[in-house]
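Think of it as A, B and C in the order they're written, each chain with its own count starting at 1.
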Amino acid sequence: MKRSLRWAVMLGALIALVVGLTACGGSSSNSSSTNGSKAGEPTKVDLSAGKKGGKITFLAAADIDYADPGQTYYTFGFMVQQAINRPLYSFKPDDTTTPVPDLAAGPPEISADNKTITVKIRQGVKYAPPVNREVTTADVKYAFERSFSKNVPSGYAGTYFSSIEGTPAKPNTGDIKPISGITTPDKYTIVFKLKAPQAPLVSQALVMPITVPVPEEYAKPFDAKLPSTYDQYVAQTGPYMIQNDSKGKLVGRKPGKQITMVRNPNWDGKATGDYRPAYLDGVTIEEGNDQLEVASRRTLSGNGLMCCDAGSPPAQVLKSALTSNKDQIAFVPSGGTRYIALNTKVKPFDNLNVRKAVVAGFDKNALRQTRGGKLLGDIATGWLPPGIPGFEEAGGLTQGKQYDFDTKPTGDLALAKQYFAKAKAEGVPIGSNGLYNGPDKLLTIATNADPGKKTAEVAQNQFTKLGFKLQFRIVPQDTLYTKFCGVPSQKVAICPNVGWFKDFTDPQSMLDATFNGNNILQQGNVNWPQLDVPAINDAMKAAATTPVGTERNKAWAKINDMIIGQAPAIPWIWDKTALIASKDVKQVPNGYTTVQDLSFSSLK
Amino acid sequence: MLSYIVRRLLWMVLLLIVISFLTFMIFYLLPSADPAVLRAGKQPSPELIKVIREQLGLDKPWYVQYWKYLDRLAFHFDFGTSYQNQVSVKSQIFDRAPATAGLAIGGAIVWLLIGIPIGIISAVKRGKLADRLAMGGALVLISAPVYWLGLVSLYLFSKGIGVWGVFDGAGTYPNDGSNLFNSPFTVAPTLFLPWLVLAASFAAIYARFLRGNLLEVMSEDYIRTARAKGLPERTVIFRHGLRSAITPIVTILGLDLGILLGGAILTESVFNIPGIGRLAVDSIQKSDLPTIQGTVIMGAFFIILLNLLVDVLYAFLDPRVRY
Amino acid sequence: MPMLEVKDLRVHFHTDDGIVKAVDGVSYSLDRGRALGIVGESGSGKSVSSLTVMGLTRFSKTVEISGEILLDGKDLLKASDEEMRRLRGNEISMIFQDPLSSLHPFYKVGDQLVEAVRAHRDVSKAQARDRAIEMLGLVGIPEPRKRVDAYPHEFSGGMRQRAMVAMALSNDPKLLIADEPTTALDVTVQAQILDLLRRLQTELDTAIVMITHDLGVVAEVSDDIAVMYAGRIVERADKETIFAAPEHPYTWGLLKSIPRLDGPRDEELVPIPGRPPSLITPPSGCAFHPRCPYARETHKTIEPVLEPVAGRPDHQVACLLPSDVRRRLWAALKAGEKPAEAVAAVGIPGLPAEGTPATEELQP
């Protein structure tokens, strides 16, 4: 080869390297499209005793986001947290609506004015080595305080706990400061005083990992760093622990490669009232299995494996597994709604009748096919998905019955035209064919990865059928959220790939952030339709203080109805996740984390 | 020679700086995700975003950020800390380099062992059945995507999910710190299928390349001379023909190895081998600029370094080349 | 018995375009210690016939060879590959036109000589190296002990060709074939190489076949000359006869196209018009007729045979012109007349009217 040619080749390689690695961050996940007619009914959770001992390997695509309980915020991180730590409250695998006391000794006591929450914790819960001491409520207090500091940016502390008195409006800089609203009258009691009567929501949110105790004297040096390095030194209280060394460093966690969990020698479930049976002797999480098809096949035909953190197995694997190894599959509702947001601040979606016409005319079934069809989800009719309190009160699978435009899963063009006609009367440009006829090209931001990309393409089709002209752009999913749909100033008209999934099981957590006009943010906004209806905002304010129970559920179900009436988006699927395990594994899905519960699963 | 190498090394540094700059600019100019918002959670307060932005150093103007990055890199050989998990990028790259190196070097040996003999046989048996079969097969392998080849090989030959479970499959590469260089006997079996898959298309390319080269060389005047001397045909082919035909192989081998040492993304991904390629992919998905930068610079470093090595090696292989 | 006798040699190559008759019925013989010059344009078959003597054309997969090549009575065409290999570089050796491309660029000159020696002699490397040095000295390379370790690119063109000669002679061959050995060299070096060949020929008593397109070169070295055209020998005689009394119009053309030291200073050089003929579909009749200023209509159909000139058994020519006409034409040409003038002066019966040569369509 000539030298000049070789230089050209080398330069080409370098350019490809730079551009390839930085520009096209498109990840290809597996597409799934199946007309599976068998209902993927949520699997009944079998909590009968499992065999003690043995180890399981969990095949994961990527690393957990954080091991630090103050920072973790994603399903997979929760799954690990659920095994290595005890928050105040948590969910048994078979009941996702009622949290059970975990580190707490009993249910939270809520004052009559909804402004004080008192929690007592169990005695004798000990940290794993090297901390080894008993957990006190001071550790929970510190856990909150650190989560409000600059060094430990928590994704949700401000969202759910800013009503606690003394929480800073913006994260503390420098030292971690005490929060006046959190007090510990004794070693086993903690009291939260609230600025507003928000106790129902806050008490429900005590299942979040922010309530996992953090031993201040041990964590302080790590938390002093910016950002905190506690993530690599987490003190653990659960039945399992990520393997660590004598300094507490989590040597068992090799980012992007593997997490090794072993039994926590200081854990005594019986003595400390832990409901987790913890059958297994250890769990290894093998990361890097982003080839979902390979991972799911390995799991189905291998031994001692569970899969997957990144969504359901590809449809073809799932389909064949449903016929041959049915008992190796479990379905759990994901506890979320996927929808196509219509920006109510952008023409023509600022017109209610246009939005109603769109919702009426959309073929949601076609959208659902892009995610695996009936097997992997029900058609969404509202924003309170199965498994969330208020789901039944809102009408179950057929929410918003009173609105004709919300009831046709395959779309109703005639009905859409009726609403377009009403919009025409209000000055919206409607053509002679009865469809939208505006000149504007509507900015649509879709994800570049399947199956979301396919969904967006189907949506694009549907919009075009209704007469809309789109300026269709595809970007990576993260870019979609952080640079476009989450930034109101971008004036994105249509976001076909948004969805909201539960943090904990409270109806408020499903609707408040996403549809309350007071929650529109200039960055990281999640009220994607930018719905701002005073009646709804006020109703939410009132319902927030309603005590946990049927009343509360009814109140939020009513708000759900009001939102549906505004047609701010097209809800189209309440998805289910298919979990798979090897033949010799008895997998127990946890309805809260929507993945397997490592403390309940066992070897057969 | 020495001054040549020094000059080339200086060029390398300059090129790496340019590349780090390009990476940096592409990351900033193209609509990738905002790392701060990405890490701030579902419904972040503006304050939180600001805090994280400061934490990641993203609040400074780009040139300050870039200068800081360069300064750390140049004077402390520090690639910074991953946005994702606060682990130093350097340690992650060093941690993963042996897996990629084991995959690439082993793969290269495999494809040389397969490609060179096939290339020779094809050239010698030009036009015969063996040649046609080999070249036809090579064409198939060249056109087959590595990804597809990987999946097929897994479904056919890997223990667990293969029809004939003979080789270790995906996810068997050990994560306990052992690698091909410190424990070859435990690691080599897990790399066997990946080597074959990685080597397949390269072996095919090398076989075709060598065949073409050898045929061309065999019509050279000095081959006629060698025959006119009465040398046995074997000597003519191997000592005179192959010696010339194989020299350019060193060049493409250097380039290919350089590219692969920066991460054999597809093979690593299919077989779940924790190498630099997978680190790069993960970091892209998480908009983890320091890690992206680190992997790009390491990749570029290997490409340029191997290119330099090729040039130096050439001086030994071809006496006409002098620097 | 002559040392080398080539009888009716035909070398045909089967190509996609048709059969290339590179050599098409060549016969000649050569005695020990004699030098034969084979002269012709490129494509005349002179190289191919010699490569065939070396057994080098048999490596081609498309070649078809017939006839006989007798070396000391043994038919080389019937010899096995291995037998031929033993002969090559040993009994018969060859040097080529371009010494730079003919030496392997990656190996030291000495090593390439050593290889040649050890291909045929069971000697140690050290002995072979001594022989290499001796041969380099013999061909006039200064400081051979030092130069033996140089690479070809470190040699000058002349030195490379000397090294080639050294390599070819290192096993004391009976026959040395030199294929355009001086074409790639500049004039002064050419003369040196030719001197060297002549000296070695007498010193070592090696027979030489000198292949060239340049009559000047054969004049230096050869005893006998064969002129080849379109795969055949068209004239053959000893050197003096060829220069003094050539019989074939093609030979005349060659002679008139080179400067002669004994010719007048202002002598005009006349290139032979036209291009060498196609070897796939050679012209009918006399293959030279399209370019021959003296060709008659009948020459397009009748094939001439190589036969002795009347009264001179050692001078053979393949020409259809009557012997006396040829002599008068040559006399006229020698006197400095142009072909057309010569034709007019001599008056050739049977030529087309107005004396227009049949070469009209091939005029350059």
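Everything below uses one rule, namely that a contact is a pair of C-beta atoms (placed from the backbone, for glycine too) under 8 Å apart; a residue touches a chain by one contact, two chains touch by 3 or more.
Because the structure is a prediction, the values reported are computed rather than measured.
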(request) Quick one: label the inter-chain contact graph as line, ring, star, complete or other. (result) line
(request) Find the most central chain, measuring centrality by the gap between its CA centroid and the centroid of all protein CA atoms shown. (result) B
(message) Roughly how far is subunit A from subunit B, centre to centre by C-alpha average, rounded to an integer in Å?
(response) 37
(request) Round to the nearest whole Å and give the separation of the Cα centres of subunit A and subunit C. (result) 90
(request) Go ahead and note the Å separation of the Cα centroids belonging to subunit B and subunit C. (result) 55
(request) Within their complex, state which residues of subunit C touch subunit B. (result) 54, 56, 59, 61, 81, 85-90, 93-94, 96, 98, 101-106, 115-116, 119-120, 151, 153, 164, 167-168
(message) Per the contact definition, I'd like the list of subunit B residues that touch subunit C in the complex.
(response) 126-127, 220-222, 224-233, 240, 243-244, 247, 317-320
(request) Could you pull out which subunit B residues touch subunit A in their complex? (result) 15, 19, 22-23, 26-27, 30-34, 37-52, 54-55, 82, 84-87, 92, 95, 151, 154-155, 160-161, 169-171, 175, 248, 251-252, 255, 258-259, 262, 269-270, 272-274, 278-282, 284-287, 292, 295-296, 299-300, 303-304, 307, 310-311
(request) Would you tell me which residues of subunit A are touching subunit B in their complex? (result) 1, 3, 6-7, 9-10, 13-14, 17-19, 21-23, 25, 27, 59, 62-63, 66, 73, 150, 153-156, 158-159, 169-171, 173, 226-227, 229, 231-232, 254-258, 286-291, 293-295, 297-298, 301-302, 475-476, 478-479, 481-484, 486, 503, 513, 519, 521-524, 526
